[in-house]
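Given below, in the form of structure tokens, are the structures.
Same chain, two partners: subunit A is paired with subunit B first, then with subunit C.
And now, the complex of A and B:
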């Protein structure tokens, strides 16, 4: 049944004449999925396709995450495409295809499946990033993403091949695992057992590191984060949001699955490595974001910093492995909060009427709160939630993250995180300041530029969606709902 | 039941008023003013009533309200309100200062008055909530509620360079808040008590003693975080600049009330729950607090701008509160609470009067004033009284606080050096306080003031300005003439909570040959270094 929903998503794409149908269809899917999830509890793990796909509660939650995210992308994208006069059929088609790929990625239980799903997603994104063919920036971003993406896929594949090499014939590489002849050498379970038998094997370690490097590209973790600002800058706005939310979340889910599944035996080796990566990522993202004046680049780099915080949660989940999956739920909660806040921000950015949509500067947001109080409020609450200021949900998410990190005794990463959050206040607050606090009157720059916020009265549906998102992110700040019971 | 309604209402009423302003339900300007007066008046009345009704002989918290369902149950966080001996005087002080600041704001004639009052009411509700919370998480959350309007209001209505200062103060205070949050989370995780409130934590900590080094680490985090928030010596630079830029009611509420958050935290949580940690950090804290008193005190003398002088002066007097906490004894902590209440009143009075002076002279520069006493006798009286209170002369609440802190410093021979140096601070504050009086109200009138006067004739304090100032001054005098009013209420709570701290301090300072007293009341009577709670201070004026 669940797979059926996915197939529907793919089938629909042929009829994507207008975005409205796509939006409607995705909302039906989303609601259907939620109902399905609420009424028929699929808590028991199921396996399909000769164990290549496995389905559990966590994957279920992530699937609703991706559906919600692609629904919102379509809504923002619909408005974007109408205004730019771009064709909409392929856009929604590719978005949904990517979402289907992301869902498969979450469920994969086999390295082959993982790679195929990842490539499906990546192919869609290569096209989507370069979707605005009239813009040189978009094409440039497409090329950059293609090259870096291909490199990361190559690394990932190389890592998988190394694992396969050892897995198929352990004795040849100084590893031992009796009974390997009877099992699929690329299934998660087999490799997991192999690794916990031989945590010191050099070849296995190299494979694991390469696979993690490939995933680090996807989530934008240092030192593989160089593409992030450029690609975020150049892509069409809805795709920037899609990249920032869905693609990153998928990367984290896969990472979580791997380090708590097949790579569990390597925890000793991986923890310091991930700790270094997380610290580096937090500092790089925050410090680089401070220097940005372009909003899209800043969001990209702040996304890098958020990836660093999430890595801390991943490490905490490794520390608790086995007896407590609280850290995993904290990570999910953080991702949902990040989704709500990001779409608040990107949604309002999508409303701006700029001649060149890539050049969102802080100065374009001057006095937005006065020109349009609701848009200003939505944007400020989105930023505040990203920055982790109470009473928004972002604060609770950060609090939970700090609390699990403390329990997992990750003091160094925790310190880096706290410092990072403080640095992040600088650029988030700079933006909020531009929106809400009027600049003292000066006589020099009499502006002739057209007001980007002139078209804000004709928003209708977007307004409803954005206000709903904001309300959700405030409500989650006070009441954590089903997540609250898990912690 | 009425008490609970008063307690909850002092948070809910300003919050409701503020939200109704934000939502735009109130359009009529007259109603805006009326509702704002309700929003500030209710907490004040409730604070005073609850303070009077508070029974100092009861163990723990009075007027408790508990909603289990609000908050994160799995982390033990519940919505729990109540007042104890330490919080009830501060709660009343917050109400009084809030009303005075609210009145000042209502009559300030600021632009976009509705938004101004809405933010201020929001801040007020956070301030009342912070002292009324029993749960540590809500205590922190209410603090943030009060903090966020501060940033916005500095950015919107602040003085010169407000955007830059709003950013600076945001970064500093977020850092402080996050570090102290880290300390609180550490406490929560390490203790693993079923609930995250003060009584449960102290119960749990008396059952399982945390290791000394763990205590020192957690207390260090709390001290650093709270220290930044309260402007402890090397982290104080944001405060005077922020107060100078902030609109007056915000300076009053922030310097007077909100900054007591950290001290309150250290007194309620820090030392009683982590006595070994407090002792470990005690020398550091004492030296840094001395930095506040002496270093910042000298900087204060150098200020020519009235508002920044008041700002620096408030930071300087925070040093005395820290000294009281750093001594780690019940006398020190009790005096610190006394001083916090009095300082909150006196510093907000100073800010209020500076704004009145600025309205008359058109500037905050003291060099451009002079000779105003003849034209504004009432204002001069108020200002002289406020300066004397700040210096700590008998008759005002500050005297009892500072006196108690000095007494507590004198208890231990090794603290005498701090006593000597800290006493110099009195001279410093006399220098800047009296010099300000002289430069503003006496001497020849400056040319700038004459030029300003020709355009805007100077009038004396009207009722709208005298009312808030009179309210605060009355409270200050009441504290000064009747300190038992506070000390009786503080006494039991502090003595009980600090029994362990006193014991630890005594055992640290007794020579090794002496037997360590076994704690409790008996040992207190037999020890030569008997700890006297602040009740023994009899006011001289009576």
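And now, the complex of A and C:
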């Protein structure tokens, strides 16, 4: 039903001349989805399309997450496109198409569905990253993303094929049939049974590792993170935010679904592997982010570090296997907080009028707090939430994550995470200092550059949205509502 | 008599996939890079059809059509980007495409 609405929405917006219709439509969709979710409790899991799609509470939460994020992307994008004089119809259309793909992705219960949804999302993102066709940087980011994305989907596919090969004819590969008459060798249930029957089969293990490698590419986890800084650097700002929030969240939800669904039988083999990846991701992301001067690259690499923290939560959810889904809710909470904080940061960055959109440097943010107190406050609170500084929601999210990891006895990853958080405060603080503290007097030499923040007063609607986001991330720091009840 | 088993197809498809992967890693021409990506996907298709036949299950053959469609769409986007990039930079070699970086 909601999917139908979404498809209808896409048809509607492509004819719309401005993004206002798109923004309005997406907010209606989001509110409708929330109401639907509040009033008709979809507690029972439902399956559609011969078990290709399954609907549950967790998928439902993630779907509202994607709707909220695409709404915010449209709002930021609307202003961005107007200022750059780019066409807006395709932008909103592709954003909504990507969101529809993401929503399908988190419901998929069959590898064919998973692949098709993933590619829908990926193709939209390739186009969106290269949306600013006049800029060689945007095109370059687009082609880099395309090559790495295609490579990752090829790895994922090869993994799926290995699983299918064993699933379709287990005896040929030295595996035993799961005691199951109904055979659909690509469905999650069948492969789950197969894997708990034969956790030591080499083909199955190779397949699982390849699938995880494909997903690690999408979330930007450690050995596969090389594309992250370049693509974040070159893509249009709203799309950087979209990539960093929605694409990553989708990757994590799929990962969560897989390791707690079909790959559950293999968790003994996967835990050390994921632990290594998580530790490496945290250290690489944080250390590389310290060396960046460019804000977009820095945010990309700090996103890599966040991916590492979230991987620890995924591991905790594997440790808690069974009915205890506490780690999963902590992961969702973290993702929501990350969404709020990221859009605060990217929203304010989108307001700056720089000659080259891709070259945000720390020096552009100097004295922002004095020039425009509200923008400075929103930006600082966003950064502080990302860094995990107490009054903001980011702190609580990190605390919950650490406590869950402690309960799951993941001490090594936990140590890596704490060290990572400490390193991350260093580079986040560098940025905050540039915004909040007055510039040292010795740098008064050249002042002919136009002030990037001159056009800040003409932004009523953005102001409201950004302040709302900030308030939300402060409120969540004190009151976690339904998420807090989990404890 | 020696027959062709799924294992033989597995070797063939891994070889194709591996050649494609090496191509993506080693080659510097972006067009060849896109071709190598196609080779990887075709290696996957070979394996899928063989597995589908050996397990007498049609899902694999069906999957191949999806992969072909997606690959076509991907290459269409890739070539479009490549043409646009060539207009800007007058080169399709990856060492000339180096605007992004520190």
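Basically, the second predicted complex is superposed on the first by the 480 of 487 C-alpha atoms of A that agree within 3 Å, B and C clash if a C-alpha of one lies under 4 Å from a C-alpha of the other, contacts with A are read in each partner's own complex, and residues count from 1 in each chain.
Basically, a residue touches a chain if its C-beta (ideal position, glycine included) is under 8 Å from a C-beta of that chain, and two chains touch if they have at least 3 such contacts.
This one's a predicted model, so the numbers in the text were calculated from it and none came from an experiment.
Visitor: Once chain A of both complexes is superposed, is A:233 in touch with subunit B (first), subunit C (second), both, or neither?
Guide: Only subunit C is touched by A:233; subunit B is not.
Visitor: Touching A:320, do we find subunit B (first), subunit C (second), both, or neither?
Guide: In the superposed model, A:320 contacts neither subunit B nor subunit C.
Visitor: Report for A:407: first if it touches subunit B alone, second if subunit C alone, otherwise both or neither.
Guide: A:407 contacts subunit B only, not subunit C.
Visitor: Would you check which partner chain A:283 touches, where first means subunit B only, second means subunit C only, and both and neither mean what they say?
Guide: Neither partner.
Visitor: Should A:389 be classified as contacting the first partner (subunit B), the second (subunit C), both, or neither?
Guide: first
Visitor: Which touches a greater number of subunit A residues, subunit B or subunit C?
Guide: After superposing on chain A, more of subunit A is contacted by C.
Visitor: Under the stated contact criterion, what part of subunit B meets subunit A in this complex?
Guide: Those in contact with subunit A are residues 70, 72-75, 141, 144-145, 148, 151-152, 155-156, 162-163, 166-167, 170-171, 174-175, 178-179, 181-182, 185-186, 188-189.
Visitor: With touch defined as at the start, can you tell me which subunit A residues reach subunit B in the complex?
Guide: The contact residues of subunit A facing subunit B are 389-391, 395-396, 399, 402-403, 406-407, 414, 418, 421-422, 425-426, 429-430, 433, 436-440, 478, 480, 484-487.
Visitor: Provide the residue numbers of subunit A that touch subunit C in the complex, in ascending order.
Guide: These residues of subunit A touch subunit C: 112, 115-116, 119, 122-123, 126-127, 130, 133, 136-137, 139-144, 146-147, 150-151, 153-154, 157-158, 161, 164-165, 167-169, 172-173, 183-186, 229-230, 233-234, 291-294, 297, 358.
Visitor: Quick one: which bits of subunit C touch subunit A in the complex? Just the residue numbers, please.
Guide: Contact set of subunit C toward subunit A: 5-7, 10, 13, 17, 20-21, 24, 30, 33-34, 37, 40-41, 43-44, 47-48, 51-52, 54-55, 57, 59-60, 62-63, 66-67, 70, 73-74, 77-78, 81-82, 84-85, 88-89, 97, 99-102.
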